[in-house]
Amino acid sequence: MSESSPLLAPPSTWEEFTEGLWKRNPVFVMVLGMCPTLAVTVSAVNSLSMGVATTFVLAASCFLVSALRKLIPKEVRIATYIVIIATFVTVTDYAIQAISLDLYEALGAYIQLIVANCLVLGRAEAHAARNPPLAATMNAIGMGLGFTLSLVMIGGVREILGAGAFFGFSLFGPNFQPWVVMVLPPGGFFVMAGWLLLFSIVRRRAQMRAQENERARAAAETSGACHGA
Amino acid sequence: MSASDNTPQVDAAAHATPTFTLLRALSVVSAICGLIIVGSYLLTLDRAKDNRRLASERAVIKVLPDAKSVKPWLALANGDVVPAGEGDPPTGAVRFYAAYDANGHLDGVAAEGAAKGYADTVRVMFGYRKACQCIVGFGVVSMRETPGIGDKIITDKDFLANFKALDVKLTEDLAGLANEVKVVKHGTKAQGWQIDAISGSTVTSRAVGKGINDAAQILLPRLVPKIDRLEKQ
Amino acid sequence: MARESLWQILLTTILSGNFVLAMFLGMCPFLGVTHSVSVAFPLGLATTFVIVIASLSAYLLNWVLGLAHLEFLRLICYIVVIASAVQLVEMYVKKNYPPLFRALGIYLPLITTNCAVLGVALFQTARDYDFMQSITFAIGGGVGFTLALVLLASVRERVELADVPESVQGTVLVLMLAGVLSLAFMGFAGLGGGA
């Protein structure tokens, strides 16, 4: 809840947009919305569709919440947010039924479970409720795209390892022996853990390098100071 | 909580928001949401219905490849057979599809069966022909079986060969199947009504057999005496 | 449709179709509050209780909506009714059973936003369960949830003092443990199935 400090200049629209993409990526950094992240990422297509659906719900609800923010009294705000989110999830549910029945069957009840995705309610409460519609929507789209990106990253790895394909295109030819466990539930946990591990190693490397630089600079300054004296 | 930091107008009123304001906010939001939902429902209703119809037609044509047109029917609990209309079917009715060839003659009948498989329910579609009193085609409507193991039921040639002419003859008095459709161990199929299981996918194979058997036991006794009624489109 | 027997549903939801390990419902508490068994167990029980309440109200609600042909309002009604039902239960328990409330108190609000609670309502509707089946599904789901939570918590208590590489600590470790647990639970698949 500390992100929009009144002391700082309000972030530009572009910053609003890019915040969720990587720096505060909802899945890998904030670890939000794990249900769909692990449940539907058996293939890149499913992940992409789930990501797009969530992005739509997020952007539309944040827009409406932000547009109505002066009208909504504090006492009933959570209830109203939930109703608004449920509305757009229902819309998405019908839209997917109309677009592709196969996709609808593949995602199943997890489309409707977007309602319970903490990411959506979290953004509505923490950002949209106190920012003008444009900023709120841009931030929501950025967060949604960040969510989609991480879903596709997980789904892509699971599909490549577990089915030897990417977006349905076979990669390794017919002799590939798929690593079936990757498209089964345990694979979701393992791939997610793998990505987090990778990021944590990269972050530690960067930290260590920064510390070394810091130390080197400090050493240089001390020696400089000595010379000056 | 810092939640009210930059919403002073709400904060000031927070101590005593009048009931009227609460009600007004809630009704405005509900009205907007209601409009959005009903609008999208009406917009997508036809498309969704078309998709469903197309999907079931595709499934029927997969099990009865000669079919050119498909019509849904209902076999009612009292033994009557009527074309399926709009709305919910009456309780106990079984839905099936009549498939017609290019000349409009009845090619066969397709119906759905379901049984619990390894991971979840396996829903299957099967095609029935009157001439041989047998099941002539088989397809999976939906399943979540283990990839590479359970889903062999749609790729394994030996398994699919079971459904070229699976015997589902009725007893003399048309009360049920003369021989229950039964899944047997791989390589031991000896009778026309037996299904040769895939070794290694026993549970899924059994689910297919059970799904077909359960559906056929209910549908065929109702359908066979009245099957000529399907001819007149 | 072949009807699943109650025993089948119970077995499936507890073991092979475990809410957490196979359907990924309720991941937040699963990753967040499994530091120790003494927290995980009461949370599991409280969630079971709420899931059953949610399942009951969803069943009644679905019936009412079906009568009125308002199926397109299902999701919105589910979430509002379930949230209010949980609130009512919370108030009732607080007034009449203060010790129980103290035991559950902090967890109840958390549970409302648990997707397992909404999930049970949505899955029982999608699968066309009747009344007894819905209740069984809910109880099984809750017990399975508790089982998964307690198992993970006890494993985590044991690796607490283990010497783990720094990069693996935290969420990564929990996810890996959860993956192994999920792998183990897959061995139960097929239990409730067969002819």
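For reference, chains read A, B and C in written order, and residue numbers begin at 1 within each chain.
Keep this in mind: a contact is a pair of C-beta atoms (placed from the backbone, for glycine too) under 8 Å apart; a residue touches a chain by one contact, two chains touch by 3 or more.
For each chain, UniProt lists the protein as follows: A = Ion-translocating oxidoreductase complex subunit E; B = Ion-translocating oxidoreductase complex subunit G; C = Electron transport complex protein RnfA.
Just so it is clear, the structure is predicted and the values come from calculations on it, not from any experiment.
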* Can you figure out the chain closest to the middle, judged by Cα centres? => C
* **Of B-C and A-C, whichever chain pair has more C-beta contact pairs** => A-C
* To do: Could you pull out the chain whose C-alpha mean position is farthest off from that of chain A?
  => B
* **Interchain centroid distance [CA atoms averaged], chain A/chain B, Å** => 35
* Structure fact -> So, in whole Å, the Cα centroid of chain B is separated from that of chain C by 28
* To do: Starting from the mean Cα coordinates of chain A and chain C, work out the distance between those two points in Å.
  => 24
* Structure fact -> Within chain B, the set of residues that touch 2 or more other chains is 33, 37, 41, 146
* Spell out, as numbers or ranges, the residues of chain A touching 2 or more other chains. => 79, 83, 86-87, 90, 94, 184
* Structure fact -> Touching at least 2 other chains, the residues of chain C are 72-73, 76
* Structure fact -> As the complex stands, chain C meets chain A at residues 21-28, 31, 72-73, 75-76, 79-80, 83, 113-115, 117-119, 122-123, 126, 166-168, 170-173, 175-176, 178-180, 182-183, 186
* Structure fact -> Listed in rising order, the residues of chain B that touch chain A in the complex are 1-7, 9-11, 13-14, 17, 21-22, 24-26, 28-30, 32-33, 36-37, 40-41, 43-45, 47-48, 51-52, 54-55, 142, 146-149
* **chain C-touching residues of chain B, taken from the complex the two chains share** => 33, 37-38, 41, 113-121, 146, 183, 203, 206-207, 209-211, 214
* Structure fact -> As the complex stands, chain A meets chain B at residues 1-2, 4, 6, 64, 68-76, 79-80, 83-84, 86-88, 90-91, 94-95, 97-102, 105, 125, 129-130, 162-163, 178, 180, 183-184
* Interface residues, chain C side, partner chain B - complex -> 1-2, 4, 8, 16-17, 72-73, 76, 127, 189-190, 192-195
